[in-house]
Every structure is written in C-alpha cells, then in structure tokens.
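Read the structure below first, then the notes.
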Amino acid sequence: MKKLESRHWAFLGLAIVVIGTMLLNLEPDLDVSPDTIRMHAFIDSLPAGSIILVSFDHEASALPEIKPLATAFLRHAFGKGLRPVGIALMAEGTAVGYRLMEQVAAEYHKQYGIDYAFLGYQPQYIAAILSLGESVKQTFPRDYVGHPYDSLPLLREVHKLSDFGAVISIADGNMVTHWVEYGRARFNVTVAAFVTAVMVTSYDPYVSSGQLRAMVGGLRGAAEYEKLIGIGGAGRRGMLAQAASHLYVLALILVGNVIYFTTRSRKGRG
Amino acid sequence: MDFGTIIAGLLTLAILTFLYRDNPIYKLAEYLLVGVAVGYALVIAWKSAMVDLLFTPLFGQGDWSLLLPLILGLMMFGRFHARTSFISRVPLAVLIGSGAGAAVPAMLGPRILTQVSGSVTPLVGTDGLPNWSGLIVIVGVLSTLAYFFFSREHRGSLGVASKVGTWFLMIFFGTTFGYTVMSRMSTFIGRAEFLLTDFLHLTR
Amino acid sequence: MSRRVAQIVCAVFGVLMFLLFFSGHPTAKAITLAITTQYWQVIAAFALIVGAVSFVRVNVKAIQRRQDIPFRAIGLLGMISMPVLAIGWGIGGSSPFLWVFENIQAPMQSTVFALLAFFVASASLRGFRARSIPAAILLVSAVVMLLSRSWFESTTSSFLLTASDWLRNYPSMAARRAILIGIGLGSLTTSLRLIVGIERTWLGGSR
Amino acid sequence: MPPVPPIAIIAESEKWFDASKLPLFVIAIVVLGVVVLLWLMSRRGSSFTPRQIPGLKAVEDAIGRATEMARPVLYTPGWGGDIQRPTTIASMNILSQVAEKTAQYDCTLIYPTHDPVIQSVAQEVVSESYARSGFADRYRQEDVRYVSSSQFGYAAAVEGIITRTQPAAIFLLGTFEAESLILAETGNTVGAIQIAGTDSTIQLAFFIVACDYTLIGEELFVASGYLSGDKAILASVRAQDMLKIALAAFLLIAMVWVTFAPNSGWWKF
C-alpha cells in the first residue's frame, strides 16, 4: 500500500468531520435573517391559486445549494396552493427543474397541467424574457413533455409575463439581473430570487433599491427558509456540517503554520 | 432504491477514490464522464444551434441571410485534413475579429472607466471629518495600479507604492479565499447528503 | 494568401462590431444580435463536430496501438450513445438520454466539483504559511473571513462580522478594482492590436 | 417605494450614432492612436524593457527541467474562456513562446482544452511555432486535444492527464472558473512546477495559494511581450502604463473636485 501523505490525512479529516456531523442528524436552531423573513412574507402574501413563474436559471453543478433552496420554496408554494409554472433559461436547469417540481408536487398530491406545469428550456435568455413578455404561448408552443400549450387548463389562464403573480428566479449566475432589467423594467412583473451564496453580494443593490422584491441565498438561506415553513430539509442538516468544515479549514491553517514554524526553528538551531 | 440511484451512487464513489490516488476505477469513470459529456454537448448544440438557429429559420422560413453563417460553419470542416485546414482560418477570423471589436467598448466602459469613477468619493465627509474608508479605497486602487506599472523597475517611491499594492492584493486574495470556502464546502456537503440519504439511507 | 484573407476578415468584423456598439439604430442592433447569436453559435456548433471527430480519432488511434483499450472503448461508447439515444427516443421528460444525463453525467460532474472541498483542505494545510509580511496578511484576512462565517449569527461576535465586512468592502474591493482596470487595459490593447492587424499569433503568423 | 427608472436599453436613442456614447468613442480612438504610434516608434528602434516579472523568469527553467527529467509540459487555458475573449488571445501568445522552446528542447507539449474553436487556433499556433524553430516533424496534432465542453468533464480529463503523464511543468494560463484549484492541487501532487495566470479575480486567490508563480490579471497580457520581445506587445504595455497614469490623474482630480463641489458629476461614466 502506498504511504499516506499529509494531504491524505487532510482529506480523511474533512470526510470524517462532514459525514460525522451529518450522521448526528442534528438540526440546530438558528436565527432567521431579515432577508429570509421578507421572502417568506412575500410568498405568503400571494393569494392562494395565484399562478407564478419559476425559472430554473442554473447549472447542474450548483445543485448542492440550489436543490435545498428550490425544494424549500416549492414546498411553501405548493403548501399554500400557489400554482407554479416552471421554465429554464439555462440548459442544465431544465432536467433539474422538471424533476424537482415533479417530486415536490407529488408530496402535495398536485396534478400536472392543473396545479403546475413545466414548459422547458429556451436559449437566448434575453430574447426569451422579452418574448415571454409578449406571449407565453409563442415562446413555448409546447410544454417540456410535448403537450400543446392550450391542452393544459393551467396554461390557458396565462397569456403574458404580466399575468403571473411573480417571477421566482432560482439562479447561480447573472440571470437575476436580466429578469430585473428586462422582465421587471419592461413588463412590470414582480421578481424575487433564490441564489447561491457567492451571488448574494452581487444582488444586494437590487434588493435595497426594491427592484428585487426579496432574495434568499445559499445553504444557510435554505436552512432558514426550512425553519420558517416548519419542514426540515437538506439546508438545516447541512448547516452544522458547513460550520464544522469551516472550523476544520481553520484548524488546518493553524496546523500548517505550527509545522512550518517548528521545522524552521529546528533548522535554525541545527 | 431505483436503478438510477445505484448507478449514480457507485459513480460518485468511483470519482471520490481519486482522493486516495489514481486507479482504474477512477479512470473508467473519468473516461465515461468525458465521453458522455462530449455526446451531450453534441446533442444540445445540434438542437439549440443547428436546428433552432440555423436549419429551421433557413429552410423552414426561408431566411436566406443565414446562408453566410452556414457557409462559415462548413468552412470549419476544412480542419478534417491538414492540407485544407487553412480554409478554417476564415470562420476563426470572424470569431476573433468580432470578439475583439465587441471587447473594445466593453473593456473601456464597464471595466475601466466605471471602475475608476466608482472609486471617486469626497475626501471629507459631510460631518467635516476625513473620509477614512474612501481614502483607503483610493490608496488601495492607486498603489495596486502602481504594482501593475511595467515601464520601470520597482525602486524608490514606485517601489514603496507597489509594495503597499501587494499588501492590498493579499487582503483581496485572503478575503476571496475565505469567502469562497463556504460555497466550496457545500459542494461536498451536497454529495455527502446524496450518499447518506438517497444511496445508503443512513439519514433521513 | 489565406492568412491575408483571414486578417482582412478579422479586421472587417472587428471594426464592424466596434462601430455597431455606438449605434442605437434598430438595424444596427439586429446585426449585433445576428453576429453574437447566429454567427458565434453556429460556427461554434460546427467546430464542436470537428472537436468530436478529433476526440474519436485520438481514441481510435490509441485503441489501434492497444493502449488503454477498455477505457478508450468506454469513452467512445459514452460519446456515441448520447446522440443515438437522442435520435431514438428524443430528449424529453422520461427519455433515456435524460436518464443518462441525470444518473451518470450530472452525479459525476457534481462529484468532481465536490473534490474541490478536499483540495481546499489540502491547500489550506500547505499554502497559508506566514513566511513573509504579504503571506501573513493573506493568512490573517482569510482567517478573519472564515471565522466571521463559522458560527451561527447569534454567537458570532459582531466585531468579527464588522471587520470582515469592512475588509471586503474597502481594501479588498480597492485591489479588485485595480486588478479589473489592469485586465481591462490589457484586453483593450490586445483587441485593438487584433483589429488593426498587428497581432497575428493566432494565425500562427510570424512576428 | 420610488419608481424604478427605465433601463438604458429603452431610453437609448434610436439614431445611427448614439451621441451619449461619444466620449467612449473618442477615448477608444485616442487609445488606438497611442498604441499604433508607440508601435511605429518602436519599429524605428526606440527600445524598451519592462520590469521583471518573477513567474516569467521561471518559464524557461521549468521547460528545461521537464526536458532533463524526460517528462512532458502541460499547458491549458481553463474552462471559462472562448476565443472571442482577449485573455485567450494573450494566452495563445504565451503558448507560442512555450511551444517554440519545447520544440527546441524536444520536450512533449500537451494542450487539453474544453473548446474546439480554441483547439483549432492552438493547433495553428503550436504547429507554426514548431515549424519556426525548425522542428516541424516534432509536432503531433493529437497533443492539442479537445476533452469535452463540460466544466467538470474537462476538469476530470485534465486531472487524469496530469496524474498519468506526470508533467514536470504545468502552465495554467487563461480564464479559469471553479476548476482552478482542482487542477492546481493535482499538479502539486505530481510535483510539477506550476505557473498560473488568469483574469478571473476569484480564482486568483486559489492560484496564489497553490501554485509556484501566479501572473495576476494584467501580467498575463504583458507576459508574451516580455518573453518574445514582440514590439507590438511591448508598445501596448507602454500604452497601458500611460493610460494608468492618466486614469490615476483623473481619479485624483475628480476626488478633489467632488470634495469641494459635492454635486458635480462630470467624472461619472
């Protein structure tokens, strides 16, 4: 067997820390930030039966953060009786979005075509948003599975972007900007977003200007949202592992420096 | 547990074995991933570029302006043979030229001028006290720019300025590293969640 | 000869795109959109076919040389199966194409991404040593940032949060600005050289 | 809540020349003039050597070391860029220099990329560099290879190539995204000298921590001029420095101005 090097120990330690804390199955109590409260209140304020557009604007690699966020949100939406219509403006969001909506809808015994629908993917996101503003049906003549637009009762109730109660973008990149700058500015639709942690600071200015109605970010945001809707999920389970992994990285930095300074002082003496 | 989850779980473990060292199981997973990803990209490009952007409007709706991109695209096929590969230089020139032309205003506007004017703040606050944070920003921007000054060796006052610039650079690198660790860790937490919950059923 | 033609094409498209930016006319916008979507994407799609063919060639050659036969075969099989599945059963909701993407490609991609967490750990062990003043500054700012985000908000001292926010919003942002300006300048002059034709390396051209 | 002003796209004029963009146009033309003028001057013999950049001194040593150890050199431009991006062109310029040296030393150069367009251009660049050093026969087209467009497919492939071919020198020069640290740490385990450089500000931090030398942002654009002595690039470097002085002056004047006249806005872009 090959000799284990220091990096192997570092790897092993991380695996133990993360898996260990996850196996504890603890869901720590946490303070909910005003951002998350604002989003929750906004979704709550939509009347039951409202049709909302949910846009999956992310890649598959962002799933660890996106999935808990989207799941918590969809649970809230379906639980409240909102009727989401899904689309994707990034290719990899298509399959992910379709599956997620299918799964959460099943938890709430919702029916495809009546309580929710999924339209699929359109490339050229700016063109797609502009075109949705004019006509949803022309942008997506068929849904993702191939049904003609008018064959689904839910879709017969919406014609253009402004008919939706809100647009919720679930994003790991710049797409929220386009929803705000085109969707909101031109067609006056309310936009809110669930985003990965790295994107939060980029969108803060939009939230404070009111262009973005509400925003929730990262695994932490998912955990807080789960707390508000009272259903545990991947977010809260991941929180403890997240904090533990940070402390672990700090410990590694410390150990690295201790090793460096002890070997250096030994060399200095020798 | 469905078949898909078993496959996904095994492949997840196969990739993770790389952390110990390279081995045939990882290698097999790697070749499979690369192959499938090339195939996936082909299918998506065929549908979203070839069919939706080119063939449907060109042959379906008679938009003949698309003949030019079609010809340029076909010229790429010159690369199939060493002796005809020179033909592909034309479509490459289109991409490089138009990219450069688009980059000039994009770089000058948002990249350079907006960044400079974004740093402009009054030196004294409304309360009559010096605007320390604004001053820090200005010192940081100018000293880091001094670090990027190439025409002279960094000695004398330029040397001092560029040294201060490296300190600012280090603060930037430190904070980005610290800040990004959070999202990097969640990538593994996400996979661990999949393995423990969906694949091994150890947590709920 | 072909280099000359390519250079002229490069210059024409460069000047055209540059000028189009300064026009607000609907026709100008339509041309910009046509170039950046149709031209760019269509040429890239044809190039992808060339790339896929070269991928097949490299692997077939290796198999002929009897190198890594099982691995190369699995790679080729993976590549060919995707278009075959797509042609046979489509790419919609419950197609086998999507099944392969969801259960083979996506999990492996996210696991390669997850390796990053481990590499962050090994890099932290090795790369953050306070060898010099700049290295110490790097270390301290990373530690402040990490500490401020490690506990739950109620227990994190507000001093750390303030310090980390200040670091990020002022000194760190200043350095980032200067880096962006520098990159902007480098990109700007590189693009200008391309347009006027004094940058020819991409043609394999001599200096 | 105050009404949100309409976005620029709607407010924009629909004239053939949008007058609001005039300042940008003028500045662009002036910069172009400066670059071309300095280039013409340098062709007449006004010489100029830029300051030392530590990572660049290491380039030749790294290739020499690879040759001595009979191990290859690996060069990859990252997953984030395409050929339309000026950074990719800057990376091609450095590639051309590295390829000339590997040709002379008869050292294998492996170039994996995620983009078939970049692959095509790199093949032209490398084959021409080999021909220029007089060793056209040493060039092997399949060493410049396309390894899948997907980010982590590319990362896995390059990771595999690094562990199996054990390159002694690794050049990570171009636009990188999250794959940066995966590649840099894998390169570390095989003990390669690593020279990185990118315009992605977030990834710079990871390269600084994990690589031997890192070209920070603009240094990547300057590097090829330094390595080749190419007069056009060196003229650009000087132009960039002159612009930096102008920008610094602009910034200082605007700061003083706005201190005394807080409502002025002439400096806004």
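To keep things simple, chains are lettered A, B, C and D as they appear, and every chain counts its residues starting from 1.
The definition used in the following text is that a residue touches a chain if its C-beta (ideal position, glycine included) is under 8 Å from a C-beta of that chain, and two chains touch if they have at least 3 such contacts.
Just so we're clear, the structure is a prediction, and the values are computed from it rather than from any experiment.
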Smallest count of steps, each to a touching chain, taking subunit C to subunit D: 1
From subunit C, the most remote chain by mean C-alpha position: A
Between B-C and A-B, the pair joined by more C-beta contacts: B-C
Length of the line joining the C-alpha centres of subunit A and subunit B, rounded to whole Å: 20
Subunit B and subunit C: spacing of chain centres that average the CA atoms, whole Å: 3
Centre distance in Å when subunit B and subunit D are each reduced to the mean of their C-alpha atoms: 13
Rounded Å distance between subunit A and subunit D, as computed from the means of their C-alpha atoms: 33
Per-residue overlap in subunit D, given as positions that touch at least 2 other chains: 21, 24, 28, 31, 82-86, 89, 117, 120-121, 124, 146-153, 156, 159, 178, 181, 201-202, 204, 206, 208-209, 216-218, 222, 240, 244, 247
Sequence positions of subunit B contacting 2 or more other chains: 15, 18-19, 21, 27, 29, 33-34, 36-38, 40-41, 48, 76, 79, 89, 92, 95-96, 98-100, 102-105, 107-108, 112, 116, 119, 138, 141-142, 145, 148, 169, 172-174, 176-177, 179-182, 184-185, 187-191
Touching two or more other chains - residues of subunit C: 18, 21-22, 37, 40, 43-44, 47-48, 50-52, 55, 101-102, 105-106, 108-110, 112-118, 120, 122, 124, 126-128, 138-139, 142-143, 146, 149, 168, 176, 179-183, 185, 187-188, 190-192, 194, 202-203
Arrangement of touching chains [line / ring / star / complete / other]: complete
Residues of subunit A defined as touching subunit D within the complex: 7, 59, 61, 181-182, 184-186, 198, 209-211
Contact footprint of subunit A on subunit C as seen in their complex: 33, 37, 92-93, 98, 101-102, 105-106, 109-110, 113-114, 117-118, 120-122, 124-131, 139, 142-143, 146-147, 149-154, 168
Residues on subunit C engaged by subunit D in the complex (per definition of touch): 18, 21-26, 28, 40, 43-44, 47-48, 50-52, 54-55, 57-58, 61, 105, 108-110, 112-113, 115-116, 119-120, 122-124, 126-128, 138, 176, 179-183, 185-194, 196, 198-199, 201-207
Contacting residues of subunit C [partner subunit B, same complex]: 2-3, 5-7, 9-22, 34-53, 55, 70-72, 74-83, 86, 91, 97, 99-118, 120, 133-135, 137-146, 149, 164, 166-185, 187-188, 190-192, 194-195, 202-203
Residue ranges of subunit B touching subunit C (in the complex, touch as defined): 4-5, 7-9, 11-12, 14-16, 18-19, 27-29, 31-43, 45-50, 53-54, 65-66, 68-70, 72-74, 76-77, 79-80, 86-87, 89-105, 107-108, 111-112, 115-116, 118-119, 133, 136-142, 144-145, 147-148, 165-179, 181-182, 184-185, 187-191, 194
